[in-house]
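Structures for review follow.
Both of the next two complexes hold chain A, though its partner changes from chain B to chain C.
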Partner chain A sequence: MPVWVILADDLEPADAREIERLVPATPSSYHRLNPLTKAVIAAVGSIGAFVAGGYIGPIVFDLVMLLLAVRAGVLGQLVRASLLLTAPIAISVVLVSVFTRAGTTVLFAIGPFDATAEGVDFAAQTLVRLFAISLSIGLFVMTTHPRAFVFDLERRGASPRVAFVALATIEAVPALVERAAVIGESQRARGLDTEGNLRARLRGLLPLIGPVIIGALTDVEERSLALESRAFSRPGRRHLLWTMRDTRWERLLRWGLMALLGAITLARISGRI
Partner chain B sequence: MLGLHGISYRYAGYAEPVLHEINLTLADGEIVGVVGANDAGKSTLCLVASGLAPGSIGGGLSGRLTIDGSDMAGRPLHEFSTRVGIAFQNPATQLSGVSGSVFEEVALGPMNLGLPARETVARTRAALTTLGIEDLREREPRHLSGGQAQLVVLASLLAMRPAHLVLDEPTAQLDPEGTRLVGEALRALAATGTGMLITEHKTDLLNRLCSRVVVIDAGRIVLDGPTAAVLADGRMEQWGVEPPSPIRLARALEARGLDPGLVAGALQ
Partner chain C sequence: MSWGRFDTRTIVLIPIAIAINIVLGQTVGTALKVPIYLDSIGTILVGILAGPVPGLVTGLLANLIWTYVLPAPFHSDYAAPFAIVAAEIGFVSGVLGQIGWFRGRPNTDPQRLILGAAVVIAVLLGIGYYGFLPFYTDGTFTFFGDTSVAGPFFTAVGYLIAIGIVGATVGLVTLMFVRRDLGVAYVAIGGLLCGILSAIISAPISAVVFGGVTGTGTDFLVAAFQQAGSDLQTAVFQQGLLSDPIDKTIEFFIAFVILQTLSRRFVARFPQGEKAVGLERA
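And now, the complex of A and B:
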């Protein structure tokens, strides 16, 4: 049995081997960290970069996340996803900040708009923060299986219902994407134009939203009935088949990171950074 | 034994009942088919028989639902789950959507019951074996075919060890091969003593599986009897039910002045 997985303690050896095969793959030592530890790293990375402000703090968080991504073997994937996710916000932040922020040093002008050095500085600071937030959350998502996270929360005392709802919400995203693709194809087969320029795409998107949402709601109603017939509403705790192991040093690490975040926040409030 | 005694039911927000004075019993190991036109009340009957109406969806019920002689009025829903399992026609919406493998999907119900892990695993393995789908245990439920998914749904119910199953058009979205797989599984289940109430438009399937068939029309039971007699009743089309193919073939032959007995042997 891998040391990073805890199987239910009353299983026969043959059962244990079977359950072990169902545990999501953990290809790197970072993947094998307890999900709560990775969640805390993501939270501290995001909030810490936001609170710290300036350049040094967010850049340090950027670098730490990139190093952890190297360790997890997801560097390329993470950088691509983060750039894609932050690009739309980054473009608007740069345009708004550079051309509308008041400043004394005008770098150049486009029509009535002056690009100021202060605006460039503000945009750059925002971008490094955004990138840190995106890297932190992306790293967590790419290295943590939703089931592992939710089972860990349940093991720590979260209600099975809350855990189920959290997991169902995360797992519903790919299902919704699949449903949207099917509805999109059937609408296109009936002549709806969903390709071409941006305006045509947006026009084509609107008729898809209704069926996707209504269909999802109908599914939820039937799924809730099916779950009721599987004792979902029974009160009390469940015996989980497997969870991810937690260690003493990981607990220490989490407390240390929380203390670091607290220190950054205090320093920021007191004006030391 | 599952019993519906003088059951009438209306949905929440509606004044008129959908079911009227239903009297129906389902013995252990018995397979009873329910046929009728769309909107005749078949699905509502399934919801009532499984305790989900009014237990989960509300509405007004009169009459008594009994399981093994116990009146189930006011019992919490999770108590029904070990006594009556229900499956609907679309397998995709009955899978929990949170399991990474078929094994975990089937194990979800026993885990919800708070059973020890060893018991959960034993039940899961037994349910997969009964339905002959052990080879699917590590597959992702989302990527199964319709027939396979419906078998997983059945296995999920079996793992709860209910004495009765209520199946609302379990093969409606399945191709002939999927229908055959599910039909074989249901026959095997009945042999273990599980009583089943099956609503279906596919009367050929009911003809092969059921010992008894009930016809529902406008929320009332209008005919209840042995399968062969009920499905051969001349009023079936009038009730919106298509008779099974051997009966339709025999009638077509008769209409052309031919002797249905000529092909009866081959059909048998």
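And now, the complex of A and C:
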């Protein structure tokens, strides 16, 4: 059994082997960190870059996240995802702030729109900040299995109901997408116009989302009966069959990172950076 | 006033509601290419059916899960900062649901319909004339009196806002009389209030974290207002005050129509269901 996973100690050997197979794979030592540690790294990276502002803080966080991604072996994947998710908003930031932000140093003009140095400066600062947010959170999502994160939170005292909501959402979203696709196709087969002008598309709104929502809501009945018959509302804690290991130095690291975030915040409030 | 309850039914409803938010926000919204967000219908439904606090929790969890738990391709890096706005939407819907603003009032007699229409017209025109117009046009354009001091941009914006508000008013009043349902008036004013509140809360977040843009079609509005001389905060707020009330009113209407469609037996089993559809008087 891998040392970074703790199985419940009252399992039969055969059951223990079975549970082990459910534990998500951890291809690198970064993956093997406790989920909360990675969550704290992501939170400090994204909030820290935002609090620090300017260039140096966010760029340092960008570089740290890229280095950690190399360690975790997800560099290419992370950079691609981050660029893809940030591209639309990045293009907007550049266009909106470069050309319409008020400033005194005009670089060049296109029609009534002046490109100002102040706008370029603002756009660049926003971009490094957005990448710090995107890389921090992307790295966390790519190296942490959602189930491991939620079970770890539950082990630390989060309500089992919150854990249920988080895990059930992961299942519910793709299921609902599938349902929406089926409903969309059947409504088109009945002649619903989803390609025409704005008016036609607005008219198509209710026939599309009405059945999606009502269908999803009617599942609530069955699901809650099924959960009730499995002692869902029983008070007390659940017995978790496996959790991720947590070590003393990881705890230290988390407190250290939180202290760093606190220090950045204080420095920012007192005007030192 | 009750805060709402988390029974098993509500707990089961929450993940489905979050999925509805994410799926409609991401797929249907973009598939139909309509310039509205449509990403809070689930939150609104939980608020109405279970109460203000379950609504608030749903909004909060929805955006946090969207960023920290949900794997690709549905994952979003940028939902978490707006969690507080989603929480507000859930809470407001819960309060409005509890005081009966989502109740259908079918076959209202014409006198009360006219009264309701008058209130809607007064509120919309009042907010439009005394709130929106001075805010968007720098106080220089008022339709009445001397218009020569107003710049062309503000004159154009002034007319656009006027057309928008008059259009919305006519549409709502027509809908009210066609359905013969006074409930339309409540939903419209509720959506307007919730939208204005959401714009107030989300504008600073959008400006400070994202430089004022969202990567969608509404960004050109921010650009236009900034070009006209507003600073970023104001430009973002001006964009939000246009998009959010429209978006929230549409989402409130969808929630309202869905509530009427669901069987009353189903609705009544949720903690706040009876109050929301007005069963205790029936």
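Here, the second predicted complex is superposed on the first by the 229 of 273 C-alpha atoms of A that agree within 3 Å, B and C clash if a C-alpha of one lies under 4 Å from a C-alpha of the other, contacts with A are read in each partner's own complex, and residues count from 1 in each chain.
Going forward, contacts are C-beta pairs under 8 Å (C-beta built on N, C-alpha and C of every residue); 3 or more make two chains touch, one makes a residue touch a chain.
The model shown is predicted, which means the values in this text are computed figures rather than measured ones.
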> Which of the two partners, first being chain B and second being chain C, lies in contact with A:234: first, second, both, or neither?
Replying inline: first
> Looking at the overlay, does A:219 come into contact with chain B only (first), chain C only (second), both, or neither?
Replying inline: both
>> In this superposition, which partner touches a larger number of chain A residues, chain B or chain C?
In response: C
>> With both complexes overlaid on chain A, does A:164 touch chain B (first), chain C (second), both or neither?
In response: both
> Between chain B (first) and chain C (second), which does A:70 come into contact with in this model arrangement: first, second, both, or neither?
Replying inline: neither
>> Quick one: is A:257 in contact with chain B, with chain C, with both, or with neither? Answer first, second, both or neither.
In response: neither
>> With both complexes overlaid on chain A, does A:15 touch chain B (first), chain C (second), both or neither?
In response: first
> Is A:267 contacted by the first partner chain B, the second partner chain C, both or neither?
Replying inline: neither
> Given the touch rule stated above, what does A:141 touch, chain B (first), chain C (second), both, or neither?
Replying inline: second
>> Per the contact definition in the header, classify A:124: touching chain B only (first), chain C only (second), both, or neither.
In response: neither
> Which chain A residues come up in both lists, the one for chain B and the one for chain C?
Replying inline: 150, 164, 168, 171-172, 174-175, 218-219, 223-224, 227-228, 232-233
> Mind pulling up the chain A residues that touch chain C in the complex?
Replying inline: 39, 42, 50, 81-82, 85-93, 95-97, 99-102, 112-113, 122-123, 126, 129-130, 133-134, 137-138, 140-141, 146, 149-150, 161-162, 164-166, 168-177, 180, 184, 194, 198, 201-202, 204-206, 208-210, 212-214, 216-221, 223-224, 227-228, 232-233
> Mind pulling up the chain B residues that touch chain A in the complex?
Replying inline: 47, 50, 52, 55-57, 76-78, 80-82, 84-88, 90, 92-94, 96-101, 103-104, 107-109, 111-118, 120-121, 137-138, 142, 153, 156-157, 160
> Which residues, counting only chain C, touch chain A once they are in their complex?
Replying inline: 6-9, 11-16, 18-20, 22-24, 27-28, 31-34, 38, 41, 45, 61, 65, 67-72, 74-78, 80, 208-216, 219, 222-224, 226-227, 229, 231-232, 254, 257-258, 261-262, 266, 269
>> List the residues on chain A that touch chain B in their complex, please.
In response: 7-12, 15, 18-19, 21-22, 24, 145, 147, 150, 160, 164, 167-168, 171-172, 174-175, 218-219, 222-234, 236-241
